[in-house]
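You will see two complexes here that share chain A, one where it goes with chain B and one where it goes with chain C.
And now, the complex of A and B:
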């Protein structure tokens, strides 16, 4: 009788602990799966040329004191991209009155900022863009402008997906894996 | 040894004062300013930023001084070459390091150096690139 009563008293605790352990095990699996997904995704971004080693440098700088540093920096970069592309688009509007000097200045700035955040494809388009500016090739510049607009928007979507994965890992109680690309 | 941070100066319990590296970051690109701020923070320094050379000059006219100035070249209002020349005319003795993307443009790089830079580094700036210069600066 006493044992039965004790068991009755103990079993909720026992059951609770069993459920807790099961939940923990399931959660650990979820975290591991998300971490794996994150690693695979970020590696694919490097392999497809969206990012280069400078992005790894930014991730190394991020710490507990500035947990949103990378997303903050890329957000600033994308805002700047949008403004520069609009300005450059206006420079190219009039076929007979293209300000190639202003255009070159915009391309130079975009090349600098894209290389600083590790936006490899954007940077590479800027290199071609500069060459078109140097020879005052308006058609070439227009093509490069379209390309740079496409590349930055593509990268923006990809990085948003990456940051969403990070959030899912953190919400599931995990930590963001450091992925060494070099 | 217990320390207390007071602005740019860390005071230890002994009479020794350990000065934190004080850096001015001059760049018109907000993402680059943020990156450079973070690099300086991770190496234990403190920083202020200026969006262009004119702001940098105004800071100095207001009495600010820095151990190190990271200077972009292409900026509106006042570019890096003009700013460096002006600061040297104002007898600013800070280490001024140009940070720019001038690969393959030796004439322009030379002109930037001749404006009064101590060093010129290629963008993108990283901790590894800046640390040797800072060690020299702190060693001096």
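And now, the complex of A and C:
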């Protein structure tokens, strides 16, 4: 019997997770190890704030019909990110005539995308980016832009690792564990 | 005539004599004539003279006498017969009148004399009245003095001022040399000189109270003259005066609050008196007058009254001060209590949350741990952890519950439930333990027990569980029986009348066990918190002792009563409780609880083939939303701009999701356009739902004004989308319940 306990969100740090194993196909210890690794990794990503609940929603949408749904969405997101960041850095290049309107729309897009994907840190940076835009603070915008760049690249690497792990598990014949974060 | 007239004077020397006679007669005549004139004159002048007639007579008499003497003048020389005749007539008349007057006077003179007497009498009377008036005046003055004294005395409520004023005023009014007041000491055996008018005694002078002179004074309420040599009067240094003035002493009753009756002057049963001594100035030969003594007595009485008033006032002031102090203290205590309660409530609120969360975590994770592979020792350890944490959780819940119960903040959560099922559930829960202890449990439900009732299911279960649990806990052998019935009248508590009202009834549950029993003396203690009967058997079973207290509180909340009967130690005991429950109207509405809920809608869980249009400028969002809807089985078309949306939208699409995150009104315009498009056609237009970053009132209003059927908060979770779609398709609008 498995106890499913729901807690109120105590703090950003999700100390208490409950884990449910939908199928325990413990053929080999390798698979088990990989799965545990995967689990720890993804949990750590959540704990460190890289991802939030939206990401888990995305993962829910992945099924036989669309097995690569998450990776597709994520790659689209990263492409979008790089394009937007390029456009925005170009706008911020000349200190005299910065098109804040364009910047604003770019940030808006980025914010929307990141929240759809569940990229928490990126989204948070976008929020502060938007504030800088509103007050037309060029320096602030530059800083935010740099941070966005850094964050999304960071996330990209992390998710890359995650997907690699997934692949390994699948190759080893195991199934990817579901991790529910409420 | 022959004789007189012819007589020739013998000697010429007689002529001198005759001359003298002549002159005297003349003067007599004049006098005689003038006297009546004077009389008449003066009588006329005086207003009152009662004897006029006598006066006339007298006047006539005198006039005639005068006439006679006048006529006599002519008789010295030779005179004619006429003269002689006249003379005779006059004489005769005079004689007549004189006799008449003489006779009259006999009557009158006594009268006149009596007038004199009366006059004397009146004079005496007048003198007497004068005296009396003098007295009255004195008295009146005395009265004035008394009033003034009283006024002075009563104008202050300060004891010392009263006494001092008395002495001063008395001294002034009566012109005393010395005036002293002796007060009884605390012991009551001596009189202490407390106040004097003139002499200041540095040493406190006392006399024993049992002196005969003092007793004499105390024995009467009147002022008593005492000897100037008595100890109480010997106040001033004997300075060789001739005669010491008279001394008067009077008692002054010292009244207590308790002496005063409403209507009559108090009977002086306390017999506490002070002594007032008044001394007249020496060498003055003054005496104590009666009115002065009366004055003194009156003053003494007034002083007594004034003193008692002062005493009353003092006491009432003291009482008031005391009350104020107490008030302040009470207020402080109340505020402290309130602070304490608030602090406790805050503490409880925090602890409630803080304590339960880790508790849950521990229990959850330990149970999970149990599921994994463990060595036997590890399993044992984990089981112990689990048991202890469960116990701790129960303890915490109990304590927290009890605190809330005491606060009165606990409220019953009413709902409809199945009573029969409840009992069976309780029994199922208890059965394992009972089986282990080999105690058969029997359940008897009365046939008229309603099945569906309204009440607090959880708490009722808690109560029954607690009682049955206790029964099982404290019984080592025998059996346990649980009986539930509807009670019509209560036979036990006299002040608790059970009257089943229309839709309510009283449920009585009797739990009888055959365990250790309870000493009848201990029964009242059972329901107190944390108290446990101190037998070893019960000690080993643990528990906080709160169970019964909590059950009692719950029972009371349910307007019921709980009690335990026992025949004594070793004879088992029966726990009985009554609670008030409501009867549910219809048994087939058992699904419905007291809180009205939205009726369950048959939900679409499968949206296969549902044609949906998604419009979103953001590629990532678009893809995510599409993925969501595809997962739910919809057929999704995506567009990335308003124009495209307008172009693509058709009657086949049942729902259009449009992203309205961008600020501005352009996105909403599309909704209007779609409306327009479809009013021209005959087909039903698709439902329009906005996906927005916020769902506050203004956004909702905006959406509604543009004709949108709903607004969703991005990002949408899977379950959310599922619910939303089914709601939408059912009701064609999404705004309520959001």
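Criterion: the second predicted complex is superposed on the first by the 155 of 182 C-alpha atoms of A that agree within 3 Å, B and C clash if a C-alpha of one lies under 4 Å from a C-alpha of the other, contacts with A are read in each partner's own complex, and residues count from 1 in each chain.
Basically, contacts are C-beta pairs under 8 Å (C-beta built on N, C-alpha and C of every residue); 3 or more make two chains touch, one makes a residue touch a chain.
Note that the structure is a prediction, hence the values are computed from the model and not measured.
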Does the superposition put A:146 against chain B (first), chain C (second), both, or neither?
-> neither
Is A:157 contacted by the first partner chain B, the second partner chain C, both or neither?
-> neither
Which superposed partner A:80 touches (first chain B, second chain C, both, neither) = both
So, does A:109 touch the first partner chain B, the second partner chain C, both, or neither?
-> both
For A:37, select first, second, both or neither according to whether it touches chain B, chain C, the two together, or no partner.
-> neither
Considering only touches as defined above, state whether A:94 meets chain B (first), chain C (second), both or neither.
-> neither
Considering only touches as defined above, state whether A:72 meets chain B (first), chain C (second), both or neither.
-> both
Chain A residues contacted in one complex by chain B, in the other by chain C | 54, 57-58, 61, 63, 66, 69, 72-73, 76-77, 80, 105, 108-109, 112-113, 115-118
What residues of chain C sit close enough to touch chain A in their complex?
-> 357, 360-361, 363-365, 367-368, 371, 617-621, 623-625, 627-628, 630-631, 659, 661-662, 693, 714-715, 717-718
What part of chain A is in contact with chain C in the complex they form?
-> 1-3, 5, 7, 10, 15-16, 18-19, 53-54, 57-58, 60-61, 63, 65-66, 69, 72-73, 76-77, 80, 105, 108-109, 112-113, 115-118
Which residues, counting only chain B, touch chain A once they are in their complex?
-> 28-32, 34-35, 38-39, 41-42, 74, 100-101, 123-127
Residues of chain A touching chain B in their complex?
-> 54, 57-58, 61, 63, 66, 69, 72-74, 76-77, 79-80, 105, 108-109, 111-113, 115-118
